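First the structure, which I've put down as structure tokens, then a few questions once you've had a look.
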Amino acid sequence: MVAGAGRSGHLVGERRSPAQVLFLGKYSPLAYMIAAWELATAAGLIPELLLPRFSDVMAAWARMMLSGELPEHALSSIWREAAGFSSSVVFGITVGIAMARFRVLRDLFEPLLRLLFPLPKSALIPILIVWLGIGHLSKIAVIFLGCILPVIVSSFNGARGVDRHLVWSALIMGTGKRKLLWRVIIPGALPDILSGTRLALAVSFVLLVGSEMLAGNTGLGFLTYFLSEAGDLAGMFAAIFTLTLLGFLADRLYLRFMRRILIWQREDQE
Amino acid sequence: MSESRVKIRAAGVSKTYISPGGESVLAIDGVDLEVRENEFLSIVGPSGCGKSTFLYLVAGVLEVTGGELVKDGAAIRGPGPDRGLVFQHFALFPWRTVMGNVCYGLEEQGLPRPERTGRARELIQRVGLKGFENVYPNQLSGGMKQRVALARTLAYDPEVLLMDEPFGALDAQTRLLMQEELLELWSERKKTVIFITHDVREAVYLSDRVAVMTARPGRIKRIVETRAPGSSAGREHVETQEFVEKVNEIWSLVRDEVVIS
Amino acid sequence: MTRARRYGSVLFFLLAWEAASQLKLVPEFFLPSWVSIGQQAWVDTASGQLPMDIALSMFRALTGLSMAVLVGVPLGAAMGRVKAVRWFLDPLVSIWLPAPKVTFFPLFVIWFGFGSASKIALIFVACTFPLINMTYLGTVGIDRYLIWSARNMGTGERKILWKVVLPAALPQIFNGLQIAFPVSLIVTSVTEMLGGGGGVGASMMESARFALMPRVFVYLIVLAVVGAFSMSLMAQLRRLLLQWHEEAQAGR
């Protein structure tokens, strides 16, 4: 969705001097914000008890990267995220498309989905902690269960929404009932599946951080909470910074992947 | 032409479907029609009279609920590559390039890759899209899309060409151009064509015969011979007195039905 | 047949749960029976705790959400119509939109304390970004013929915002709201679980800590009902406000 925001931000025309790139370039507002932050804290306008200096945060980040503290917790978070998210995608797409294809499954699952879909997925965290403990498993399960519903629903809608004329064309040209799934239904459902999955990706990070903060002793969510309790504000910011970066990177990577797959949706010639 | 045999025969064909609201709707009711081999037959009628439904029954993507629908003496059961279908909104696979779309039917027939690309390339050139082989349908204009759809259908060489308002979504100029090209292709390859349209002039210009359908539930109201057997098709007929009279005759038949419905 | 399957599956699900629990196939600790959940719900309602928690959570969620609407919609519209604002906010929004805002909760606690303020602040931040983004997408893509014809008919530049731009962007603004509402419920419950201080999330987490599973499920069901209720409310509001829009007509 941010996709639309990407290309339109230029005030500057075709020819840009290096100074213009620096002061008016696409990401320069971020630099202004950071500069304002640094100056305000350095000048003592904002007490360092409330907001550490940006340079201190970067120093803490470098220190924690070198000591291996950040990489260790980041890996733990990434592993949970990857396991929970990817399994929910695989299961979700399978179930969603199967529901679209087989009436029996649709009738069996749809009421349950309707019942569970509006539940704020974070409500699962306490229950899964009780059931599965405070290790990796409970976080992976929270992400899996939290993401699977949007994936199922978007795959189901996508597969149901495939233009029947496309299906007919394929049948006429000799595609068998079974091959139809791979040749027409799945490619046709792909735009819906991919955008539903992107929403699930955003939810998965919230669930990851929430569950790590609530229980356990590894992961970036835990680290943020731990450092805040220990009063290490700069370190806490370094952890927050890492998490934000991971969320941003995951979204960008996903967007790129999505554009690559859906290259046929582009209307302009390359 | 006079001795040509019957390719498709409909006897009392009717179709009832269940609407999303759950009521059963009678779309067509007792259609009797014989389509001769290599004939170009158009069907005109008011909106919603079931002419597209009839076409889909012939294609085999919908099932007949009453009467008898026969091709070459055998009842039509299910879709098959012997009857190619061309839609108003093209129904190209958006995730496949022009080449990929034209090759699709050949892939399903199990033709090896060099042969199918060769044949596809030839057809893409024939419909005037050389150089667009690797472009996705989204980047093409409506007229170009319909050319791809036509090439895709001609690629697997069906005996019968079923066309559902194929030029209905095109602008007026493209439309005239496509009509001429279709006639050319048809006289080159001699196929049986059933052509659905709203446009009476288009029907008279293209067809050997025009069938007029009634308002829903659709039935064949009258069949009008629009081209003397053996005579050639072409743009030059359009200005003749005879052509204008045929158009007026058919239009008044359709008009009565539009008023009813 | 269809209907039988539909209700049957839910009924079967609930009965299987109850049987597994009553027959001690699964420890009560994992799946409390519906009888005990019902009793717990009654006890908590009678004591007034459940209604109090719901009211508190809804107060936080709705306060944060309304603040987000008041700030996010104007910012998004400004982004869509004013180039300088777009230049400034675009990179910030594109970085913060996918960020898991819950991460900031410890910081917000330092800034705003353990009470409702830190929670509402986080709900506000989390809901603002989707609203900015959707309002921006809605206002930037407006059909310029609409604006031209309004100008032509004598609408002043300032009035164009109210009379043309915002109404035209309303479907997208609603999309933003329909993303933000569930987000507000998620953030409310998570911050309450983390920070305590009453509310549905806090009571749920506390019950989980003491392994009071029937009560955990009471609150789970409450959250599901609140979620379902707010979703259908949004859908109805949308239909009411967007009657002119094609999607509303298609629904009839």
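We just call them A, B and C in the order they show up, numbering each chain from 1.
Definition applied: contacts are C-beta pairs under 8 Å (C-beta built on N, C-alpha and C of every residue); 3 or more make two chains touch, one makes a residue touch a chain.
Owing to the predicted nature of the structure, the values given are computational and were not obtained by experimental measurement.
Comparing mean CA positions across the assembly, the chain most remote from subunit C is B.
Innermost chain of the displayed assembly, by C-alpha centre distance to the whole-protein C-alpha centre, is A.
Centroids of subunit A and subunit B (each the mean of its C-alpha atoms) stand 47 Å apart.
Centroids of subunit A and subunit C (each the mean of its C-alpha atoms) stand 18 Å apart. With centres taken as mean Cα positions, subunit C sits 51 Å from subunit B. Interface residues of subunit A, counted against subunit B in their complex, comprise 163, 165-166, 168-175, 184, 187-188, 190, 263-269. Subunit A contributes residues 1-2, 4-6, 8-11, 24, 26-30, 33, 49-50, 103-104, 107-112, 115-116, 118-123, 125-127, 129-131, 201-203, 205-206, 208-210, 213-214, 220-221, 224-225, 227-229, 233, 236-237, 239-240, 243-244, 247-248, 250-251 to its touches with subunit C in the complex. By the touch rule above, subunit B contacts subunit A in their complex via residues 56, 59-61, 78-81, 83-85, 87, 89, 91, 93-97, 104-105, 108-109, 135-139, 156.
On the side of subunit C, the complex with subunit A involves touching residues 2, 5-7, 9-10, 13, 29-30, 83-84, 86-107, 109-111, 130, 133-134, 136-137, 140-141, 182, 185-190, 193-194, 201, 204-205, 207-208, 211, 213, 216-217, 219-220, 223-224, 226-228, 230-231.
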